Each structure stands twice: as structure tokens, then as C-alpha cells.
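In the two complexes below, chain A is the common chain; its partner is chain B in one and chain C in the other.
Presenting the complex of A and B:
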């Protein structure tokens, strides 16, 4: 079975005008910005996100892309500028990595609270201790409770496509929430693959212009956005935010259906199911982990081991229904976190904690084994994955694998 | 088993230390009787803002179970005593982050006592307070409002005088003896102890009937539910009709929010002599609260529901005897001065002259070196 993410390498008849380019995930995001005709982009360098600003500025200087490109003096200003540009009606793009994303945290929190449909790219990076720039998912995950839609992509093609989908979903008046697209540092941001870059007309048929309608801040439409409120208003506003995130689910499904119709690709919106039809155990993960996991799954299948893989594409809104459906059929689930949540229940990572919570109300939930792997950008190889899968098989067969602790994989003892 | 609570209503910054001293004094005095208690400011207030109405509370109890019922609340809603340290606040309280006017006696228990520092008579003061609908008492501690400066505390004994008076009107909260001991311990000043005792002896309570007072219903509104509110934290501007504004033919003309009035912040208000006004626009341009309405004949009429009494209009007016700030105490309503003037120009002039005799005691801090010495020299107390 061909890995679905790499299927783009095959010759598929795409819509006319589509070109094939050898580009990185970052350049794919830059193309998405160009195709979405983004009005304002702010930049402040930090690896690995900064590759996006390099490609964007190159497109502008080549005359291929017309937008306001503002180099801010910090990530905080970077995100504040686009937040304000968005409320006056500009389609905006922004991004950062690791602690740069954290330096913008105040702006990030209010962006979601204000219902600003910003699209951001997080080039996932370790939280800088000491200077580390390899991939970890804790940076983007830090905003998981605030009203940001979050997704993880595993290829440059998916990065481009998802950025276009993100604009459509974020700017939909039923949603109006910011969306962050996570791209694993190095493996995605700095690695070039063949990507189908769609034609402008196709994108235009999919993505309507950004229209804030009567919520646009303009002298002819005198409104105040976000005046001071206290305990007598804020809870109602949070409830509205909650409803917007709930509505996002349906809007995402709609967008994927339409994307598939116009571009001839998209896959299932919230999760990718790999060899799950007859799987007895499942591995779950996000981002570029998919590559070594799929390799290992194929190897194990050759040995007759019925293992499958579920890649979580959207973390917010969380695919509770899909995960209950696909994981409810297996005996054991191994969740691989490329993040940590020190002191959490069972010392698990964030994804495992969330999956465990989603499956808890099921009648016969599978055993859940949680793993932490690939921190600081450490490679996760097929042997690591086989080790994890074997533990999951052991748990499924009633073995004595501890499901009330978290197993660190690939760490030197 | 008994629990007592006291509310202190004061003006931001100028009376913050005064209010704190009163509430801490109550808790520390009750402690001498073996009681426990808490003192706290209302969290939604912004007590660092000039003149804004704000609150502090003291709750004391002889047992922790009852005290706990009063904790984790913004405002104890059934106070034995409400102390008001500026009588201009008797018209109502609308603090920062508070939507709507709160009658000064709203959180006072039925039968409780409203203690006010004032030089006005009880009869006059009662008229400015909203009808409570239940009997209560009014006690006056004879004193002008005590305002300190931004960085100094004017220790004119108002704190201990109110503490002494409190033990007279609500001895169940704390006795005079315990209060005097606590004052002595805290300030180590026999003069302050004497002031407290003197106020205890002097204060008299007047019963107020359920129907007595200002019978105007305070403005109020319902807060919308989350399904009714506009999403995205958007608040729409309110469009005035362009024809209301002379010289305007379209475009957006802002108007005032009917449910956000700010007048209770005011301790003085501008009165305007329209006969000397040159229509220079400076008051209208400089007013930080946009409170000047443009009249059809091109004058600027200060709207008394929006005016905070900052005095900027008087300061920027280039004409002698056009805008004059007058003590808020001299007024009973918010009527338009321009309308009064339009109806009877001579009558208005007489009214204006009389009002100007009530110049405000501009004691929001000290404006020149030696002012404090002058003030205490003039103070008969």
C-alpha cells in the first residue's frame, strides 16, 4: 500500500494549471500565502520558521506576490501587528517557533479570544533549553486550551493544502478563530519534496475573499472590539468561543469535501487511517512521525502482525468521534508523543492524555500505552516503532506491560 | 454566634488610605474581643483613578464557619453599616467596571445604619439618597469630605472619628473600649484616641422611613446571554441622527451610551455663562469624556450625566467668567443649563450667580507649597 502522503509523487491528473515543484514545507506554506493572496505578513527570525519569511520575501522581490511584509522587532509585535491588521479586514499570516511562539504568548491568547481568523505556521522546535532547535510539539501545544485551531501536517504537500483549508475554515463567519499549522522542524521545514502547486484560479474557486462584513473596524462602521469586561461578561464570551470551536468541526468537514472536489486530493479531514481495517493494535502520532511508523507498520504486516497507524491531523478541534470509532475496534493503542507534560497523569505526553480522555467513556476501551519519543528532534526509526508496537501487542494479549506509566523510547539509559 | 459587616464607600486615590484605615481598624479592634475578620477592597474597582467611587469592606465574626459565608464574594450584600466618606456619593455609586448606578444604601441591611461625613443636615442629605423601601438609620459625622493628596495621607483623624462613631451605631460589631485600645496600639497617639471618643459621643442617628428619600428609580438594564451577544467582542457604536447636529450633513455622529453614565465620579461640575461664550470649541474639543453637546445655535452644553467633573473645560476656556467649576453639593438634578438659559436668560443668570458662590473645596491633593499648613490652620477641628 502506497503511503498516502507520498502519493503526490505519482502522476495524477490534477486540475489544469497545476505545476510540480521541488520545495520544502516552508516554501509550500509561502506558496499558500501567495495563492491565498495574503495582505499582511509579519516576520521575526527564529529557526525553523524563518525559512517561510525567506521564501515570502523572495516571492515579493520577484514580483510574484504583493503584500505588506513587516519585519517586527519581536514575536510579540509580530503577532500584535497581524491581529490588528486582521480586524481592519486584511488577510494575515504569521508564524514562529519554540520560545519565539512563547514570546508572543500574550498576543496569541487574545487573538483567539478576539476571534481573529489569523493563520499561523509553527515550525515545531524544542523550547530552547539550551538553544536546541530540533522538533518537539510543546510549542504549538501550549495554546491548545485557548481557542486556536491546531493541526499537524506530515508532508510539504499537506502543508500547502492545509494552509489553504485553514484560511477557509478560520475566516468562515461560523468559526472566526485563529488556526496554527504545525510543521516539524527539519523533517518538513528544511526538506524538499515534490509538491503540486495549484493554479490561482483553482484556489480562487475554493477560497472566497476575507470578508469581516459588519465586524470590520472602519470609520464607516463604528465599532469597538474588545472593551474592558469583567465577571459580568467574560463567561458569556468564553461560551461563544466554545461554540465557535464546536462549529469548526462541521466547517472543516465541508472544506475538505470541497477541497477534494476542486483539487482532487485531501483525504479524511481529522485523521489519517493507515492499515486500520483489520488492525488489532494501533499506534497514534502526529506530524512526520508518520514516516518511520508507516515503514514499521509495513514491515510488521509482512510478518503477519496486524498493526495499524492513526495520524492525528487536527488536534483542535480534537477528533473525539473519529478516534472513538477507529480505536474502539482495537485491543491496544500505543500513543507516541513528541512532547512532554511533566507531572501529568501517568507522566504521559499531551496527546496520550487527550486520547485516554476521549476513549474513557467507551464501553470496552482498548488498553492505552503511552510513549515519549523523538524529543529535541531525535530521529524516531522503524526499530523504535516496532519496539512500541510490540509493547502494545503485549498489552493487548494480557501481558504485564505497564499501562499506568509512560515509556521513553530511544533514550540512553 | 454573630457576624457583622461594614461597607466603606470612598473616592479613588484621594480616600484610598482612609478607607483602608477604617476597615483594618474594625478588624483589628474586633480581634481584641477574640473575633476574626477580613478587610478587602472591591476587586472590580480601580481605586487608583481620581475620584472614582470605590469600596472597601470589613467583615468580623466570632466563628470561622459564619465568616466563611462572607468570603470569596466581591461585595457583602447585607451590611450592618455603610460608611460614606464623601457626601456627594449619596447620589449613587457607579464605579469603574460597574454597569449601572447603585443606590448608596443598596447593600445596607434593613434597619442598618448609613454613616456619612457631611456638613449638611440629615434632612437635606436624605433627599439625595435613593428610597430604600425599608427603614434604616442615617448618622452624620460632622466633617467636610477628607481628601488626601496622591502621595500623602492627610491625617485629619477622619479615620478614627468614623471608627469611634461606628462603635456607637453598631456596638455588636465591636465595642468602644476595644476600638480605643486598638487605635492606641495602632497609632500610638492619644489625640487620635480622643478624636474617636469625641465622635462616639457626638454622633446621632436619625431614623429614615422606608419611603423617604429620592424616589427616582435608578437606571438599570439586563445583561444579555451568550446567545444574544454579538460574537467577536464587538460593541456597536451608537449613531446619533445627523440632523441633531447643526452643520452636519451625514457621516457618523457619535452619541452617548444610555446605560453608562459617569456622573457619580464628580465632586464638582461646570456651570456655563452662555452670554459670554465665544463658541471657540475648546471645552468641546478638550473634554476627556466628550460630555459637551453641540446645541442647534452652536453653543456647547455640558451633559451632566456624562460629566466627571475634571475641570478641564474651565482650565481651557479662554474667556473670563464663562466656565466655572461649582461644588456638586449645590445641585439637585442633571438638567441642561443651555435649556434653562434658553427659557429665561435673566433667571438663569441669577441661578448661575448663586451657584458660583459654592466654589469647590479643591482639596484633591495639594497644589502649592504651604497649602497643607493653610488648610489645617483654617480647620476649626
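Presenting the complex of A and C:
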């Protein structure tokens, strides 16, 4: 059986003018900023996200990219500056990692509350203290309740593509919400792979100019933005944010259909299904974890074990329908979190908690085993994945695997 | 600076020409900060907003950091602003002005918006300006490619949240975080930050820094007009008597503003293109034409100093005396002269 690996997806002729370059995830995002003709970018250093800004600043100094580039004095200012630039009509980009993202937290909250359609990149990094440069997903996940659209990508190509799609979805007047693209620190931000960089004309045919219309702050349109509303109106406004996030689902589907047609790509928007057609158990994860999981799945398939993998691409809006569909057909699901949620139900990570919640209303939901692995950038190898899959098989076969607790994989006890 | 920065020079967008108004009769009648706010009676910060909006005129954008002038001014459905206004976070006046300027500049340069000079004014209180937002304001004053004004309305406390001391509150002032008690009479032992001079001396590329007081409204408006037309990022610091926070009858707001200047507690000056000019009565204090009034006259008019003993008043007076008699630049820059 040939695995339907995205990396070797069926060849479709790319649109003309496309070039192929050996670049990292960070550089891919920088290319997306250039292609999207972003107007204002703010930077503040923190590893690993800051490599994006190194590429952006070089593009600007070389004259390849025209935008206002401001090195702010903190992450809070970084995000506040672009928030205000967006409100006067400029397309903006910004990003951060780990505690830097948290330093901006107040700005992140108001950006979503104000429905400012900025696109941000999070180079996922463990939070301090104690310090680690490696990936954990807790930084980006912290905004999951605020009205940020959130997605995780697993390749540099997907990073570039998703950034362009993110602008289209975020700026769509039916949505008007910010979107953060999460790239696993080091594994994706710093690893180079071949990436198809589209031509400007193709991007222009897909991404219309940003138009704030009657919401633009300008002397010709002397509106008052974000006054005190108190209990008189706040609930209605929260409801509007809720409706916008609900509408985002349809707008994302539309955007991917158009993107795939114009850029010659394939793949469904919300999740990636890897060898799921006849799978008996499924592993679920996000980001670059897909690499060792795909290797392990292929190894286990060689031994006749029917395991598949579901990679969650969009975390907000959460792909409840897709997950019910794909996971409803298996006997057990092993959710691998590269994050933690101390004190949560079953001491699970965030993804497992959400998956459990999404599958709960189903008539015969699969057993759900939750795992925490790869924190702080620790490698998750194929053997780790096989260990987790075997536990899921055990649960599927009525074994005594504890599904009321969370299993830490690859940890010294 | 060598002409290597295409961005700063080729795409320079000029400022509006806002000449000073020569006397109150020359001030236009149009208001851009109108009815609809619910500031306290005698609020000098509201007065400052009105003067500022008048001085900037209709082609202005105002960004308001969290504080009195946010909460009391913009209740949903009853905005007093006839010019565009947007809330920004407590520590974000500098960032809001920078972002707005950068957005407009990029759009105008790229032909996405009609080119025209638009005044950008970010207002913040002393909590937002002298405390939390200081680093963002400092950064804004470094980005000389953007035309913007940061206006600090200083009522010397976090007045919107029930009067708590800030880094800009006077020594010893009674506030809900510094109440005099049975054992400790003086809870706020910090001396008021010298914010305007700190920003002026720390950002020599900034072309205009000034202190104003709404007791002198035409001067205050002309400072705003100069700050908006001179180009680059600028900073104006206003001392605003606050009946609620300072505890006095609202009818004395104007008088207390004058007393702050006449006692030497609030020096009026401007630093334009690196040149310091003392203004109004402060200029006459320096030249010896006006004898400073005792600080007792100012302090005894306000409930926030009601617990002061004679010794406290003497200490306060000695600090103000130092400011005018021992500072390197009287009223502006400390350090004793060598």
C-alpha cells in the first residue's frame, strides 16, 4: 500500500512563475509577508521566532520588500503598534515565542476583542522558568479562548501557504479576527526544506487588498473605537466575536478550495488524515510531531498493525466535525500533547481535553488515551510513537490501559 | 545624518502648518471635543482635551490610553469626540501613536491612501505616561520618521481607579494607596518624576518637548500646535489640577494651576530643536522678576496635604528651593553645577 503522504502527494502542475527554494519555516513566512504586501511589521528579538524578522529586515534593506519595519522596545509594544496600524487600514504582521508571546498578552487580548485581523507567527517555545529553547505548544495555546484563530503547520511549505490563507480568512469581513500560525521552534523555524514560492500574480489573484471600509479610523471617518460599553453591551459584542469564529469555518473551507485550485496544492483545511482509511486506532497530534509519527505508522503497518494518524491543522476554530468523522471510526485514540494543562481533567494536555470534549456526544466514542511527550523540544522518536500506539491498541482490545490518567512518554521518573 | 535612508527622506510626509494663535480672540470657535463626556466638575484634564482637539483641528486622530480620559470620556453611544478617537491600553500611548503613524505612512507611500498630513495625538495620564507606558513613549520618541505627539495629562494620581499614587504624585500626598495613619504620616516617600526633562534630555533627536498648564490655555494650545507642526515625535506634559484627587472645591482648579507655576512646583518650559526656553511666569522666576510664592499657599489649599506638619511643608519647600537654586538648569535639569 502506498502511503498518502503529503510530502509525496500526487503531482499537480504548479502555476507559472513559481520557484523552488531551499528555505526554513521562518524564511517561508517572511516570503509570505512579502507576497502579501504587508504594510507594517514590528519585531522584537526572542528565539526561535526572531529568525523571521532577520529575513524580513534583509528583504527590506535589499529593496525586495516595501513596508514600515519597526523594532519595538518590547513584545507588548510590538503587538500594540501593529494593532493600531491595522485599524487605520494597513496590513500587518508580527510574531513572538514563549514568554515573549506572554509579555504581549494584554495586547493579544485586545487585538482579538477589537477584531483586528492581524496575522502573527508563533515560533513555539517552552515557557520560562526554567529556560529551554525547544518547542512546547503552551505559548500559542494560551490565546485559545480569546478569539484568535490558531493553526499548527508541519512543513515550511505549509507555513508559507497557511500565512497567505490566514490573511484572506482573517481580513474577510465575515470573520475579521486575528490568526496565529504556530511553527514548532527549531524543528520547523530553523530547518530548511524545498519550498515552492509562488509568483506575485498568483498571490494577487487569491488575496484581495485589505479593506476596513466603515471601520477604518481616519479623519474622513471620525468614529470612536473601543469606548466603555459595560454590562449594557459587552455580552452582545462577545456574541458577535463568537459568531465571527463560527463563520470562520466556512470562510476557511472556501479559502482552501480557491488556494488549492490557484496554487496547485491539495489537502483538506482542518486536519490531515494519514493512513486513516482502514485504521483501527488513531494517533492525534499537531505540528512537526507528524514526522516521527508517520515513520512509526509506516513501520507498524509493515507489521500489519492498522494504525493511522490525524494531524490537527486548525485548533481554532476547532475541527469538531472532522474529528468526530475520522475518529468515530476507530476503537481507540491516542492524543499526543506537546503541552500541559496542570490540574485539568485526567491531568491531560490541552489537545486531549479538547478531543475528549469533541467526541463525548458521539454514540459510541472511541477510548481516548492521553499522552504528554516532547516537552521543551525533547525528541519524540518512532519508538516513543510505537509505545503510545501499542497502548492505544491495548485499550482498543479491552486491555487494562488507564484512560483516566495521562501517560508521560520519554520522561525520567 | 547621511542621506542613506530612502524611507525617511524620499517619502517624507510634511506636517500641517499650525501657526500659533495670538491671544484668545484669535482662537476659532469650532470644538472637536464636545458634549457627551462625564468628567468631574472642574476637571482640568477634560479642559486639556478640549484645548488639544481645538489646537489639532479636524484632520487629527486621537489615541486615548486607559485612564480618566478614556473611562469618563467615552461611554458607548455618547462619545464627545468629533474627530476619530480610539482606545489604547494603559501602557500603549507611545505604541498607539507609532502604529497609527506607521500605518498611515505605509499606506500613503504605497498609494493605498491619499497623501495628506494627519495629526496623530496619543494622550495618556501620569499612570500611563510616567509609569507603565514610559518605555513605549521613549521608543516612540526615537522613531524620528513618524510625526506624532504624546500628550501626558498629569493629575498626579491614578484618579480613575479611586486615587492611587503614581510615580508622578507629589511627595507625601494622601491617596487610597498612601493614606496617612496612626503610625505613618507620610506613606508616599517618592519624589515626583521629572518626566518631561527626562524625556527631553534622553531623546536629543526629539524636536519638541514642553510642559504646559491649562491655567494658561492659549499657551497650552500653541504648544500643542507647535508640537504637531514641527515634525517627528514630540512630547507635551500638562499639569492638570484634579478636584477629586487633590481634594479641593472644583471652582479653584484654575487658581491651583496658577499657584503650581507661581510656587515653582510646576516649571513651564519648552525644548525646541535642542534649545531650552523657560516660559510664562517660570521665565520670570529664573530672571528674578517674579518671586516664587511659598509652597504652603499651594499645599494648604488641598485636602491631600491636610496631614502635613510644618516640618513637612518646610521639607517640601526646601526641595523646591533646591530645584531653582541648586539645579544645573533651574527648574529643569538636576545635578548640582560643578
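In this section, the second predicted complex is superposed on the first by the 401 of 413 C-alpha atoms of A that agree within 3 Å, B and C clash if a C-alpha of one lies under 4 Å from a C-alpha of the other, contacts with A are read in each partner's own complex, and residues count from 1 in each chain.
Here is the rule we go by: a residue touches a chain if its C-beta (ideal position, glycine included) is under 8 Å from a C-beta of that chain, and two chains touch if they have at least 3 such contacts.
Model, not experiment: these values are computed from the prediction.
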Contacts of A:73 with chain B and chain C, given as first, second, both or neither: second
Partner chain in contact with A:215 - chain B first, chain C second, else both or neither: first
Touching partner for A:291 - first (chain B), second (chain C), both, neither: neither
Which of chain B and chain C A:153 touches, first, second, both or neither: neither
Chain B versus chain C as contact partner of A:176, first or second or both or neither: first
Which of chain B and chain C A:244 touches, first, second, both or neither: first
First, second, both or neither for A:90, with chain B first and chain C second: second
Contacts of A:40 with chain B and chain C, given as first, second, both or neither: second
Which superposed partner A:113 touches (first chain B, second chain C, both, neither): first
Per-residue contact with chain A, leading partner among chain C and chain B: C
Overlap of chain C and chain B interfaces on chain A (superposed complexes): 219, 222-230, 232-233
Interface residues, chain A side, partner chain C - complex: 37, 39-40, 66-68, 70, 72-74, 76-77, 80-90, 92, 106-107, 110, 209, 217-219, 221-230, 232-233
Partner chain A, residues of chain C touching it in the complex: 7, 58-61, 63, 70-71, 74-76, 79, 81-89, 91-92, 94-100, 102-107, 109-110, 112-113, 118, 135-136, 138-139, 143
Residues on chain B engaged by chain A in the complex (per definition of touch): 44, 74, 97, 99, 223-226, 229, 231-237, 239, 252, 254
Chain A - residues contacting chain B, complex: 113-115, 176, 215, 219-220, 222-233, 235-237, 239-240, 243-244
